[in-house]
Structures are given as structure tokens and as C-alpha cells.
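Heads up, the thing below is written out as C-alpha cells.
Per-chain residue numbering starts at 1, and chain names A, B, C and D are given in the order in which the chains are listed.
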């Protein structure tokens, strides 16, 4: 309900050597990755012979009962997936993992990202006689592997990587192998960890923390990791000169407690707030963060500026999915169900209001209104990322350009639209500083249209 | 729960030209075909552009809410399916219709029957790179059509028919066509009907009656019927000299009120009872049918023998699926939940007990016991079909041979096992007489191992 | 959906001395009584200390999962209830058993029937300060017992019986007693049985058969049976000169396989058909029963008249509750979802169509139409009970008089309305003959307005 | 799952004069009060003639579908309730509002609090013949009102207040009146607000904010507010010299954005942190709050001490109710599903860890361990309330004394038990300072055993 960009998926994988309950560990890992996708969830496991799975639409605790996990208990290899679909695509058949049989056995796929040449590949495969039962990229990739599989599974993976373009963090399993693949630009994150003698893979390290696993390193751009009874093998496929990590993972998508490509998401967000304060100072009485997305940057802003941080907005921690739509009569109060302003704190005060981003502007406008009604004297909105002006082709659900306020309006117009007294965004340079210690390059396509590959 | 052979599916199709609600008609047609499959149900519709569908495990009224049907309302072509799976195969992914995309567009499949060369075809397709997401024959057939589709859809259908072996009554739809196909031996039934200007296809004519449609004729063995905006086209593929209709449809599977291949199921069952009386007379006080499967034959037996028909057994008409398993303590009374004997009627009487078939013998044994407890003096069991001795390879879920009492024991042994005073079966010749007016040939494989094709 | 009078409830009770699973036995007994009420179901049990229960709206197998029964497993006393509510009264709070605490402990109530002085009693109790949370008679009775309880439980039961008027078959339990009560006119049925050393009570004997219990006798009009650790005690309260059993139990409500007040329901129905044939003979080719309500009487008619019985109408045995309403387009075919006519049997034939009763006439009309469409030459409707002209005040859900076709029209008018060639009803005298061997008197209020007590 | 005291309920009421959708407003208000009870929810409404309601176990969005609210749409008066039950009492029949009929009409009750003389009153009522269907205090109160109702409803309310002892914030409705009552000690909160011309009542003002209503004042201790068509009437019943507000509402129960008895919960919590810093200073590198309960006090501690505030612990914002219990294998990581430590922030640091309270100590111990594993050098735990040593009798679900670590151990022992380097609690005097601006007295029973009335 809040006006945010939406991520498309989270993936997990485990190859167990210690007798863990692979299904249960996958469950808790997906629970930790729930913020990456709330539409459907699924787990597939293998005990060496056959892949069995359970998946459905809904949140992780809704999809799995104790009985469902019980049935998956026998496995020693497992992958899991949580999903957010792009507009219109929330079809039951698109839930993942996608489990298929092919000439060499069984495979299951969990994918985070988006292929930009999926329709071309699909057409070619269809020309070759393939049929499709879903609209997922995973089904395209499964077909490629099946067709490339004559010289062995690893060879098929390599050939697949050569043929697909776009972003992908993948966990794949066969009856006896676990695979992790990250696209050559490293757009979407994928981390490798260890739990005892068992290897684990996850979109974010917070999933490792949830199950007590240790973070080892990130899967490298273009790297194919194959884990089997013989241990871990790494295949490095050719990569471009520069990586192109999605910087929005640091701005909003990832959980604050995750480490991506060596950088703490928390630190990046706090630093974004600090640099925002340097770049866009303002005389005010307090810094207020929009919970929960703006809190960390707000603390950074406060620290740097010396203006005290205050919890001027409170979030209803029980707000989940409600299917009751507020009628016209209370529509204007819709944001109130989720947020409330602390009148005693903000009344008569000059406020620096910090959020991570503005998408359509609707929530920002409602929050400014909420604070005005509570008596705030001045509201200076500060955004810890640059204006979003262009769509993402790599797995982020961006609204159409005509709904994207940053694409349609100048900063002054946006400021007027949301009713703030002033509005500033973090600069692209400022943003890059928050992640510079990684020594990596980043995709800034949604800010400046410079995508890692041709995609329009 | 009763000891019966289980059918595997029912199919339906409609090409509407009169503005009917295609989804709603499909729903009521599936409702009428519910006896052919209680595990899952589904409907797919197209309004010319795209195929949408809804399917799930459960009975027809459980699978579809009013809202589900509402979403399918826009179509003018529709197919539907009810499913009973063979042992172990009740997987969510196997629900039908199977909807796929291929190079020429979309297709949906509803299949009743069983291919005997499915695994060979699957292997070949896998060799060519195909992946499989279900264990259904429909997915094999969809792949074949996709591969054969270069010279047009009708040509692909013909090629598919040339390649597949086994039994099949199919309704297939594309965005703008409805297809009905019956295998060259005509093993499984498929009827053609008309509702106003709209054509309908169904496994049994009772589905036509449920929606007020008129029965026109049966789809012929080996016939492909294609219905499109231009009307109905019939393609006759090569057929063997003799058809081989499944005679068990007349004995038990089909609904009494259906007409299959020109023969009234009711008449065939009543005649089976009559001939049974001629072949196996006995001196008795009353004829009692096992409800509901033996009732019609029992009436025929009574008519022929002159022994009065009595309702000595009463069925609980609310018995559906109960998930509570009777414990050991009341296991022996398990059949009592479904059936009850009328002590006042049967006490001290000599009874001719008529049923359509004996599979494992467990239910027959329990019913004989029930009647003995109610005071029956003599119980002469009469079965309106020959002993089932061999498995079916064409879509009927037969138990393993070691559970099939007719395969393991002589008639005398069975009689002793179930505790009856005498036991006789209808002869194969007697059975054939009940359907002789059709002028057709029949598959008697489960009685005499003479299957229409090599399949062991 | 079919045009029938509806019963209001079924009750069950067990006092176990043999270590049976009381909850499971109650479950199977309620399953057997499901025809008496399909709106809600419930079971309460006690293991000597406390009463626990589970109840909900829905059919028996929908209300109870294996887990629900597991939780009730500890009890050695149990009562159960299935419910059909009168118009408008299907409220969740009205599900039974009603479980209450009062000064002497706990009580649970399961009631079949209707009190005619409930509102007067309720007002009196409210005057005394009572509050009510349901609209059930059971809550009134629970309050009475609580108020009368100073001189012991049995005394309170007697006083309650003295104060309530109307019909009631009750099973009541405390922590350590099971009680069965039947109203002084014996309007609603209640039978006593034994399972090993354990006593059971049920609305109909078919519940005993389902659990392997033995029918001992009916609870007598005005009898209070108390079963405790010390055994069974019977208290006979004053009764009127004549009993007044509900004759409609024999016509339609009870299951064919039940024995009520010593009379076999099956025999009464068959005899009704016989006498109907004597009273209203007609020259015809076949007798057809409306399944399932008219089947037994039709067999009796055929036997007496010598006209052969034929299954001219077939019922869809999977028709349960469907929540999809047929639209106008197929409304006229609504009865077709449930029934189908066998054209091959009825075409060109003169038919005697037998049903047990006509309420609004809508179903009869639709069936006559169905047979006409199937080519029947003549349709002579014969009803195995007299015309229903007056409402029931004793627990039967009768429609308003203006909907009751027997109250509004002459037999000739009804015949014309439903489109039959002739129509006759069984006479009241003929009906009484079917139950005369009981030596009892019966309530015929719905036919002749002579109710057992003043109630209008 | 976290080790917290649990509140027992939240109540709401509205008397609409502006044509609002009373059910929808109640829904959103209950949504805002969800933190006060997650076990069941219910809404009752009246349109002047009759009270209808919907209630069930589950969270607010689970209990109400759009259709459920639609059915309640007609009302102009409504009350709502969210419930947390004391141990063992989560029975379906105990869901509220409790709706009853009595001699003067209908009443519905929503209660937050606990009567300490409920069982005595119940016994007396049972002596008078009352029966009970629930174990709620509401049913006792409904019986009292029914018995006292001869001299009018308001008189009955006054008499009820004279008879009941304990804590209660009540919203009660009849067909045409809305009532709010707060116990004479004012133990549980209840606020009065206005939405246009319509009066509203709620446990906390955050419910007013959620629906855009304006906070007017708190209902006074011992005040009965009756709102009807004629407007608002206040009846002041006798009160003790000193009020005795529950101070734990300020420490933990109430939402940070609520105003109770004129005091901002947020301010009280921040001040608690400040005073805690003054009373228990420590040399450290950062202040970390346990999210979400300790965050506000941690900010106050940081502000006062000058030690920077850091988000060293991150909460999984999707953690709701999971029914999967972690097995032994990952039990020790159970808190990790909800919380994660930021290694990069806390490693090698001396941390002041602030939480609002310690109940059993299990969560505190797990968090200290989490921080140790993440490399924290020193952990100084600071609790923004005094040690909980005694049970609450007034509506708070406290564990048995032997589970209450504050009752069993000295502060030193607790410190050792949870593994912290130091541990200090806020003093009772310090705590009272946070609410002194109210000029009220508070119940401190759980800290010092001085309860507002005799209750042990």
C-alpha cells in the first residue's frame, strides 16, 4: 500500500552434509527474505532420487503448514523462493521453484532478476517445438539447459549463461547438485555461506543469520557455483570489464542487516543520510525518518547535521495485508492506518523529513499532510537517493513513466506537489560515495538511463 | 471407500455462438460428469485472444466459487475436466486442463484415457530437448502438437494421432478453435451435441442433459472434430478393422442415464441383470441390489426371474468424502457408514444379492456379513459382469493383480471368501449380448486379456 | 434445492463403559443422522470433570477434522447434534450442543423439536433477570433446569418437563450423566440402544446401525431416562391419553432403514405405495419413483398394481450443496442438475409417477416437464401422503401458507399447475393404515389442522 | 514469541450521527488497537432495532472479510473488541463483543480489564439461577445489568459499578445507546473523541488518529458516559481518593503515539530513557535499543548521556505468527528469526542495551548472546522500568512467579543469568517522574505489591 518500488524475488539454496532438516532451514531462510517478495513462496528438496516440492501464493507462514514441511523433510538438498511479480503477472502457475524433468533427470529453479532477451529466447525455443506453461524466465532457462545438456550439466549451465541476457541470481538444484549463478554484471545479489559442513546460498546474508550460518563471500559476477557430494566447484564465465550491481538494493530493497558485496547495507544507508546532510543542509529543530524505510538515513542525517533525531512518525507494527479498501469517506486518511504523527513532538517544530526515495509521490504527500495536521511548522523533505526517472529492466517493478513523479516533474514541482517547504535529493555522486569502499561499479539506470546493456 | 474400479477422467468442450456463459455451462456439465473423477476439476476458456483458466484439487463445487466463474465469463470457447488419478499420481501439477503456449499460440488439453507409449514419446521429446512439468499424457501430446505444427494445426492433430497409442477422448482448444478427438479403437467415449447453434462435446450424454443440449452422435473412433467460426470439420484418421469400446463403461463407469455409442447404459445394465437371471437362476424370496451400482441389474434380474425386487440395503445419501478413518474398534463396521441392511425385510429370507462387479472382494464380504447379521437365511450373490482378472492399460485404475480377487481365486474360492451361499458371474457372451444392438466390438481385456493392442 | 419439507435436527448421546472413543462414535452416528440437518453439527464430551466441545456450521465431515476429534477423545460421555434451522435462524451462535455452567456444574443440550411456549418462558426468565445469547429453545431449557436445580438434577428435569410445551427429543449431559427425554406426546422420535455395556440414544435407529449398536426400544412419550455410573433410571412424567407421533417422519424425514416406535420406515413407505395403488389405480405402462424420496412408495405401487417398476428418472449422486446459482438462461433446467429422465425408457409410455409429497409444486412441475421432453405419453402423478395444507408448529420447517400449494389449490388445480394428466393423493385413512400396527396415535396437523395442543 | 507481558484487550465504540460506515470505522480502529490483543476480534452494530455482530479468533484482517463488514453496514452504533486471553482461556466462546438479550432488549459488551470478584458474583448469580456460557467477566456484568434493570438502564449501570471490583474499561451498546465506563481507580485507559458530530470511545487515542477522529478527553475514573440520540450524559460514580492508573501502559502496552490521561506515551518512554541514563550512567561507545519496545527509551538514554544511538539490532518486519516451531537443532537461534545484530556496527564496541522490561529473561539472554557473537566488547543492559516482581490482577497476563525472573533473582543474579556486563533498572521514583505532569496516582503493584485494592 505504501508507494515503494517492489523487488521481485528472493532465493535460497542448501546442500546439507550434517543431517539438518533442509526444509525447515529453507523455511526460516525464506522467512528472513520475506521482504523481497510477498506474493508466493515455495521450497523444493531432493534426497538424491527425486525432487519434491510445495509452493503456493501467500506469505511464507501462510504457504507452509507443519505438515507441508514434514513431507519435505527427507531431503538433503533444497532451494527456496519468495516472489513479487511484475504488474499483472501474479498467476498461480508462476510460483517458484519451477520443477521440471528433462532427459538427464530433474531440475528445480529459483530466480531473482529479469532476462531482457527472454521473449527472443522463447520464440527460438518455440520454433524448436518447445511449449510453455508459465510466463517465467525460469521456464526459458530450464528449456535451455535441457537443450544444452548433452555434454554434461555444468557445460549446459555455461551455455545457458552465454545465451541469456539480463539480471539473474539463481539457485538451481538437480537430484544431487546445488547450483548458484549470478549474472556477469552482478546486478542481483547472491551470497555464499556455510552452516557446519553444509553450503548455503541466499539473496541476502540476513537469511544466513536467521539459520545461524556463516557468510563466506558473495558469488562473483558471472560465477557458477556447483555443490555436490564432492564439494564446491566454481566456474567463472566471461564477464564485462565493469560490474553493475543494483544500487537500489542498498537504498531500499535489501534488509538493513544484510551485507552485499562486502558492504553493510546499514552503513550505506546511514552514510547516505550523512552525505545528504552535507549536500542539503537546512536549519531545523528535528530530524524525523519515515518508518521503516527512512529511519537509518534519518539517523545519519541527524548525526552529521547535529539536529536531534526524533520519532515523529509511528508505524502500526501489525499492518500487514488488509483486503478491506477504505471508502471515499476515509480515503484521505488511508496512510493513517499505517502511520501516525506524534503531535506533542512535532507541533510548532521545523522538521527535516527523511525518506529513502519517492516513487509516485502519493505517500510523501500524505505524510507531509499528516505532519501539517499535527502542527509541524516547516517540513523539509530530504531523500537519500537521486530522483527515479527511468524504468528498471532488471527485476524491479517500476510504475509506468507517467506515474513516476521524478520522470514527470522537476524537483520544485515535486516539492509543491507533496506540499513540503523544501525538497532535496541525494546526488548520484553522493550516493556512489556510500558504496565506494566496495571498489565495484553500480547500475544507476533508474536515475540516469545508463543501463549495463541495451534494453530499450 | 467402496471397492470399485475407478475411472480416470471426464472431459467437456463447448464452442458457443449464442452468447451463453461458457464457464457456467462447463461448470454444470462437469457437475454432471463428477462421477468420472473426484480428485480435481478445471475449466479453461478463450474469448478469441487468450486462454485463461481455473483448476484445483477437489470436487467441482469446491474448486469453483462464483467469483472464479465470474473471471472466466468472457469466453466463447471452453473446455473442462474432472480427474481421477492412477495410484500415487494425485499431484497438484497434474490437474487439467493443461494450458500451454507454443509457437502458434495457446492450447488447452483435457484428456480421458491413457497412452501406452507415453514414456517412449516422452523420452524422444526429451532427447529433442523438451522439459516436463507434469506426469500427464496431455503434456506429451501438447509437445507433439507443438513440434508438428508447421503445416497447420489440423495437420499437427493428425500427426499426433499417428504417433500416440492407447486410449484417449480429448477436448482441446486454441484461442479460436474447439477440437474433439477419439482414439482409433474408440476405447473411451466422447459424444457430440448441440445447444442452439453451439456445439458441445462431452464424455457422456448426461452432461448434455444437464445443460439442455441435444445429443447428436458419438465422435467416431479415430475422428478429429474441429469446430471454429466456420463451423464443424471432421477428419477421419485411419482406424483398425474393429473398434474396441470399453465395455466397463456400460457395466459401471458411465452414468445410468447416458447413451454411449447409441446404447442406453440403463438398458445395458438392466439386460445384464436379465441375462444373469437366465444364466444363473436360483430359488429365492427376493432380489436385492447393492446401491447404487447394482440396483439396475437387480431390477432386471427380478423382472426376468419373477422373484420380487426389494430394497434390502439402504445407502446413506450424505456419504461423501470423510477424512476420519474408523479405528480398529469399529473397522469391521466400516461399510455400515455407507450401507445399512433392512432387518425387517431380509430376516429369514433367501436373498439374491446383485452387484455389478467384484474387485478386491472386501465390500462384498462386508455386505454379506451385514445381511447375515440382519438375519438373511441364504445369500446368493450374482454379479452382472464376468470376473475381473487382468489390469486395464487404457485409463482404468485397477489394483495390482495380487489384490484382484478374480485373478487370485476361483469362483468357488471367492464365494467362500465373501461368505455367500452361492456366487455366479455373468458370462462374457451374456455381457456382449447387452450391447450387441450397437453392432460394435468391445475391449474385454480385463476379463480375458485380449487387449486392442500389445501393451504388456 | 428440491422442494421438500425440512426437518430441524438430529440428536445423539452415549454413556460409555467399554473404553470406546466416544467422540468418534458420535461422529459416525451424526454422519448417519446427517439427513436430519445439514446446517451445523457439534459434539460435546465429558470425562467426569468438565465438558468440552466442538461445533460449527457445515456438514459433519466439514465441521470435524481428525484433530478436532482427537481433542474430544478423553470423554466417556458424549452428545451430538446436527441442525436444520427454521427460516432466518441459521446463526453461528445457535449451533448445538449448547454448553452452559450453572450452580451445580456443567450441562450440554442437544434438541430436536420446537417449544410452542418458548417466548412466554423466555419472558418469564428475563423478568427474573436471565440474559439470552442465542434464540434456541435449548437456552430456555438450560435456564429452567438451573432455576429448578435445588432439589437435585432429576427433579429439575421433571419440573422442566412440566413447564415446557411443544415437541422435544432431547439428549442432555452433565459431567457424569447422560439424559434422554421425549415430549409427553412423543412427537419427535428418540430411540435407546446398547453397544456392549454402553447405552446410546439417537433420533433414529440408523445411527445405532452405523456404530454397531443394538436397538433396544424407543424412549416413551414423557419419559426421562438418566444414565449414570449406577446404570439407567427411567422417570415417567404424566402423559396425555393419546400419543401424537409425527407421521411425517414415516412419509419423508426419517431414513428408510430406521425403526421408529416399532415400525419400519421402509415398510410404512412401501405400504403407502400399495394403498395408494388401491385407492388410486390407473392404467399405465410403468411406475416411476422420484429418486430418492419416492422410490420405496413407487415399488409398493408397482407391486400392488402389477404395473412394472422402472427407473425412469436418474439422480446425480454427487449433487451436494452448490453455491453457484443457475442464471436465467438455464434456470428452467435447474432440476436437470439433480435429475435426468431416461428417454429410451419413458418415450411413448404412460407413466405413474410416485413421490412422497408436494410442498410448493415447483419440483413436481419441473419433473413432469422433464418426462414430457423425454417423450412420456401420459403422466399420472401419485403422492403417497395427503395434501399438506397447514403449517407445523413442532419442529418442521414448512413454508408460509401462501407458498403451500395444497393450502391454496384444489387437487384439480394442482394437477393442472404441475402439468400432469392426473393427480391423486393417499387418503388420511390410507396413511394411518401404514402405521396402524404400532397401536399408536399420530399428529396429522399438517393435513387436517388437528394439532396435539393449541398452538395458533 | 518474545518474552513480554501481554495486555488483555482493546475496546472501541462509536455513536454515529453523520452517516459514516460504522462497521468500517470500527474495523480500522481495531486495526490500530491490534497490539492490545491478537487472539480474536469482533464488531457489533445496531441500527436502532437489533444488534448484529461478527466475531472470531484471529487477527483483525483475518476475522473480517469485505463481505462480513458489508453485512454490518446498516448500523449507526457500533462497538469493537480485540482480545488477548489469560493462560488457557483462548476459547472460541470467549470472543467479544458478548451480545445478549434481556428483558429490556439487547446489549453488547466489550471489556478490557479483569474483575477480581468475578467468581463471587458468578456464584451469587448462579445461586439466583443464572447459567453461563463463557468464562468472561462480560457475561457476569451482562447478568448484573439484566437483574438491576428495573429502574432504567443508567441506574442498572450504576448498580453494576457498585458491585464489581477490579479493572475495567468498557464499551457497551444497546439498540440505541452507546456507553463507556472506566473503573473507579481508572486502572485501564479509555478515551473519548469526536468525529464530526459523532462520539467515539477507544482504549487508546491511536484509534482516533486512524479514523481521523479528534481526542477530547479521557473518560474519568468511575465515570459512566451514555451517548444517545439526545447527546452525551455523564454519570460520576463514587471514586477513591486516589486514582491508580496502570503505569505499564506507559512502559510497554500502549502504542507510542497514544495519549493516555493527558500524557504522551512517547514522551514518557523517552523520559524514562533519560532518567535511566541519569540514574545508571555507564561509559560506552553506543546506545542500542531492543526493537521495537526499547527504541524510544534508548533514544532518550542516548540524548541524556551523549553516547551516540545506533541501530545495532534489526527486526524482521514480516515476523507475524508462525506456527512452525524451531526444532532443537535451531532452537538456540530462535530469537534470530525476529532479530539480527549488525556485526559491522557492534564489533569491538561497548554497548548500552536498552529495553523496556525483563519478564522471564529468556529474550534478554538471547539478545546478549546475539550481540556477543557479533563481537560486542561490553554489554551494559539498562531497563527503563523497575524489576517486575509481582503478578498483576487487573488485566495483564503475567507469568507465574516462579517464571518471573525479577521475583526469583537479585539484579546481580539476573545480570549473570542473561550474560550482561552490567544491568540496571529504572527506579520506581524515576519511573513516576516520567508521568508526574499528569498529577495522577499510579498502580505499581507489579513492582512493589501495593495494589489499589485487596486482591490476593
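Note that in this section a residue touches a chain if its C-beta (ideal position, glycine included) is under 8 Å from a C-beta of that chain, and two chains touch if they have at least 3 such contacts.
Please read all numbers here as calculations on a predicted model, not as lab measurements.
Undergrad: Find the geometric centre of each of subunit A and subunit C from their Cα atoms only, then give the gap between the two centres in Å, rounded to an integer.
TA: 60
Undergrad: For subunit C versus subunit D, what separation do you get between their C-alpha means, in angstrom?
TA: The mean C-alpha positions of subunit C and subunit D differ by 49 Å.
Undergrad: Please work out the Cα centroid separation of subunit A and subunit D, and write it as a whole number of Å.
TA: Each chain reduced to its C-alpha mean, subunit A and subunit D end up 35 Å apart.
Undergrad: Is the chain-to-chain touch network here best called a line, a ring, a star, complete, or other?
TA: ring
Undergrad: What are the touching chain pairs in this one?
TA: The set of touching chain pairs is A-B, A-D, B-C, C-D.
Undergrad: Spell out the part of subunit B that touches subunit A in their complex, as residue ranges.
TA: Listed in rising order, the residues of subunit B that touch subunit A are 93, 98-103, 107, 123, 126-133, 139, 142-143, 146-147.
Undergrad: Tell me, which parts of subunit B touch subunit C in their complex?
TA: Counting only subunit B, the residues touching subunit C are 20-21, 24-25, 27-28, 31-32, 34-35, 38, 59-61, 64-66, 69, 206, 209-212, 255-257, 259, 264, 266-267, 292, 295-296, 299, 303, 308-311, 314, 316-327, 329-330, 332-333, 336-337, 340-342, 344-345.
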